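Every chain is named by a letter (A, B, C and D) in the order it is written, and numbering of its residues begins at 1.
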Amino acid sequence: MLSKIVRTISNQLILFILIFGLYIIMHGHVTPGGGFQGGAVVASGVVMLIAAFGSSEIKKSLRESHLSVVESSGALIFIGMAFAGMGTIFFYNFLVGTPVFGGIPPTGPNPGNVWTGGVIPLMNFGVGLKVMAGLSAIVLAMALFSSGEEMEE
Amino acid sequence: MMQYIPFNIPFVAAALLVGVALFIFLFKRNLIKIVMGVAILSSGVNLFLIALGYRAGGVAPIYTATPEGVMVLPVPQALTLTNIVITVSVIALMLTMVMYIYRHMGDIDAKKSRLLKG
Amino acid sequence: MRQVFAWFVLITLVAFLITGALLMHPFGYPPSDMDDYMIANSQAETANNNVVAAVLFDYRGLDTLGEATVLFTAVTGVLMLFRALKRKENKL
Amino acid sequence: MEYLTVHSPILIVAIPLLAAFIIPLLSRLGSKVRDTFNVSLLGFVTFLVAILAIDIYANGARIYTLGASVPELARPEGYMVPVRIMFQVDGISIFMGLTITVVALAALVYSLQFVKNETGQDRFYSLFMLLYVGMIGLVFTGDMFNLFVFLEILSIAGAGLASYRVNLADAVEGGFKYIVISAVSALLVLFAIGILYGQYNLLSIAALANTMQFNTLDMIALAMLAIAFVMKLAGVPLHMWAPDTYAVAPAGITPMIYMSSAASMYALYRVTFTLYGGQFDTMPIGWVVIILGVLSMFIGVMMAIYQTDIKRLMAYHAISQSGYMLLGVGVGLAVLTDPVALANYGRDAMNGGIFHIINNALYKGMLFLTAEAIFFRIGTRDLNKMGGLAHNMKWTTIFFIIGALAISGIPPFNGFASKLLIYESVFRFNPLLSIIAMFVSLVTLASFTKVFYSAFTGPEMPAYREVREVPKSMIIGMGIMVACIIFFSIFPGLVVDTIVAPATDALIDQASYINGVMGAAP
């Protein structure tokens, strides 16, 4: 556990990091970014918390089994979107032209519209969930192991 | 092709990074250094891929509020992103194993291990 | 002997790599048949401003699924290795 | 049914992948549910592989383009190069797919009891499915970068599983060695893909083969790909990892890791035959493959003689047997541009080499399982400490005898069928190679006789009086493989004609692979 200053500041900062990460995830189809990058940003926030509070403190509120469930669901969202296109073909972008994220941007440079992209924003969301949970779980498990704590099964 | 040599510096840099990594694999026996070698090898490959996709004077291949003009190739960027994530995964697993080896042997020098010597 | 051999291997490989690098297409002027199609059609086909995202999730979607799978594999592997060995007799 | 046939290439990959994601959630319902789910799911995938195989043997190779509007639309309409990822399943792919699926089914059934008392089983099965996905995707894909991604999936899953028994120091070290080798070889593959992509701006194997110019850069890329795949398949100068990793991996996983080496061998064949085949004179590459094969055969078996650890011994035999496959297919590769020689003996040599892949996967996998069954009951892999196990482990003994006879190429068994094909055809190419191959086979027999005598025969040892036969699921797992071995032994001609010959044709016939994607030749 680090000093009180670090703990207070990271407590405040985590909110901004989360919002920034979510922004990167949800705007992946319009601006640079996407699920992997945004997920990594959020996971870095979790790593900051682990560094500030110590892994045993974090373990009380964040268990790897929960992270594992979040990760599995993120992966399921991603592969589920791919399977949902199976009416035509695997990975078919079936939402283009429908009311849900179906807007088609004008060809050429344009100001950008979040309500476009078909399945891509949803896939980005799934990947984002998966990456943030996965990377956090890795770091948490490593921190717990090196501090000598036994993990649940 | 010889007249292009001055423009090919990024490719040469990538090749040298790969060479540094190969040097580590051939001469270093510390497990952490081997993991770093994998990271450097991966960086070399990433640099190579990204350099492949550059087009002179190109902008990022994103249409949102972008200036008119030629765009750099998008596929190498996707390949690089894939390779970065894969490298992160490989390194995480490698470090896990190194932690276990350290716990078992109290040392991370491959020369002291029966299996890893070769 | 082993050292000499290792140096020989290293120098040969690096020479190969640098030859390869020098023979590549001129930096900044790549061939671009496949990529031009993606740049031109990503907005119409995938309704997407970000061409890289279109490549990642649509044109080469399976690669991204594979990449996500690699990350999943690594996380599963790490958590499996760090598991408690409680139910076993021969603990660490 | 129609729907399943059309979409079976992707379903075979995607359903186990979905299962791997679900298993961590599902195992909260209890281990019975999870085990039933796993076995029935892999059974369903086996069924899908079977219907895809029937379709391919009837109607020829299949293309499945992901994300296009129809599966066969490899290129966008009116455009000259393929843009999307495609699965391209032809004779050799489905041959490997069948082999991998049979081995995976047996290994899964075997594992059910084997890991019953360990912790972390849900993740074990999740990784098992991912390893299967990696292998099957590697053999189905028609895209270079996709091949790299699947190579990484199988490497990481394999390394994680190899060090499953983390309480043993050797296990973690074996896994570490495997992952370092895998990471380096995969990154070399990626570098080679970068070179090819930079020159042609293509990633599809068929389109690359179509535009290949065979200049210096292509040769550098070929060298890198070959080094990487030989490293991964444990061919001899780069075989150091194999004994360590095979020896420590848990049962059920050793055959799977062995199959992932075979999948890398498939990748080597795919690159040398399909990507670099054609007009180019393949004689030198063929000789390189032949020399690698002979070295692997000879050095592998010579190292095996001295081993006292039963699984290390079998691992060296696995290296040695890979040599036969490389030898057979290498002869075919060397004469690829010579139609007369190809028809005379090249095709037979390749048939032998490819038939040996499936034979070897079956009996070698089975032998690994019997070795692990012994370890399961008596807790040691040291041959000097074993003895008299035939008294108590009857099934294991019978299975071991069948496997040992098959691997040594004793007549009624399937190992003899494929080895005979190799001997005869290689003899006409170069008699010396054939004599070496026969000699290696004799040494293999000697080595397995030694194992049999020291482990199974002799008086009942007092320490092992309480040893019982292994649990039922382990016997069933081994039994699946033995059933296949016996079937292949009785009908070798049928098997060669039905599944091996199409695989050979698919490797030789580069033009139809290209035409599948690029359309008829101009």
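Keep in mind that, in the parts below, a residue touches a chain if its C-beta (ideal position, glycine included) is under 8 Å from a C-beta of that chain, and two chains touch if they have at least 3 such contacts.
Just so you know, these numbers come straight off a predicted model, no measurement behind them.
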Problem set entry | Per Cα centroids, the chain farthest from chain A | D
Exercise. Counting C-beta pairs in contact, which comes out ahead: A-C or B-D?
Worked result: A-C
For this session: Between chain B and chain D, tell me the centre distance in angstrom, where each centre is the average of that chain's C-alpha atoms.
Result: 28
Exercise. Approximately how many whole Å separate the CA-defined centres of chain A and chain C?
Worked result: 20
For this session: Express in whole angstrom the distance between the two chain centres, defined as the mean CA positions of chain C and chain D.
Result: 23
Exercise. Cα centroid separation between chain B and chain C, in whole Å?
Worked result: 9
For this session: Hunt down the residues of chain C that sit against at least two other chains at once, touch-wise.
Result: 17, 20, 23-25, 30, 32, 34-35, 38, 43, 49-50, 52, 54, 56, 58, 60-75, 77-79, 81-84, 86-87, 92
For this session: Mind pulling the residue numbers of chain A that touch at least two other chains?
Result: 30-32, 36, 68, 75, 79, 82, 90-91, 93, 105, 108, 110, 112, 131, 135, 138, 142, 145, 153
Seminar exercise, completed: By the touch definition above, chain B meets two or more other chains at residues 18, 52, 62-64, 73, 75, 79, 81-82, 85-86, 88-90, 92-93, 96-97, 100
Exercise. If each chain is a node and each touching pair an edge, is that a line, ring, star, complete or other?
Worked result: complete
Exercise. Once bound in the complex, which stretches of chain B touch chain D?
Worked result: 18, 25, 31, 34, 38, 41-42, 44-45, 48-49, 52, 73, 75-76, 79, 82-83, 86, 89-90, 93-94, 97-98, 100-101, 104-105, 113-116, 118
For this session: Would you mind writing out the residues of chain A in touch with chain B in their complex?
Result: 30-32, 36, 105, 108-112, 131, 135, 138, 142, 145-146
Problem set entry | Contacting residues of chain D [partner chain C, same complex] | 17, 20-21, 24, 66-67, 76, 79-85, 117-120, 123-124, 126-127, 130, 133, 137, 145-146, 149-150, 152-153, 156-157, 159-161, 163-164, 166-167, 172, 195, 198-203, 215-217, 220-221, 223
Exercise. In their shared complex, at which residues does chain A touch chain D?
Worked result: 68-69, 72-73, 75-76, 79, 82-83, 85-86, 88-93, 153
Problem set entry | Residue numbers on chain D that touch chain A, as the complex places them | 7, 10, 14, 17-18, 21-22, 24-25, 64-71, 119-120
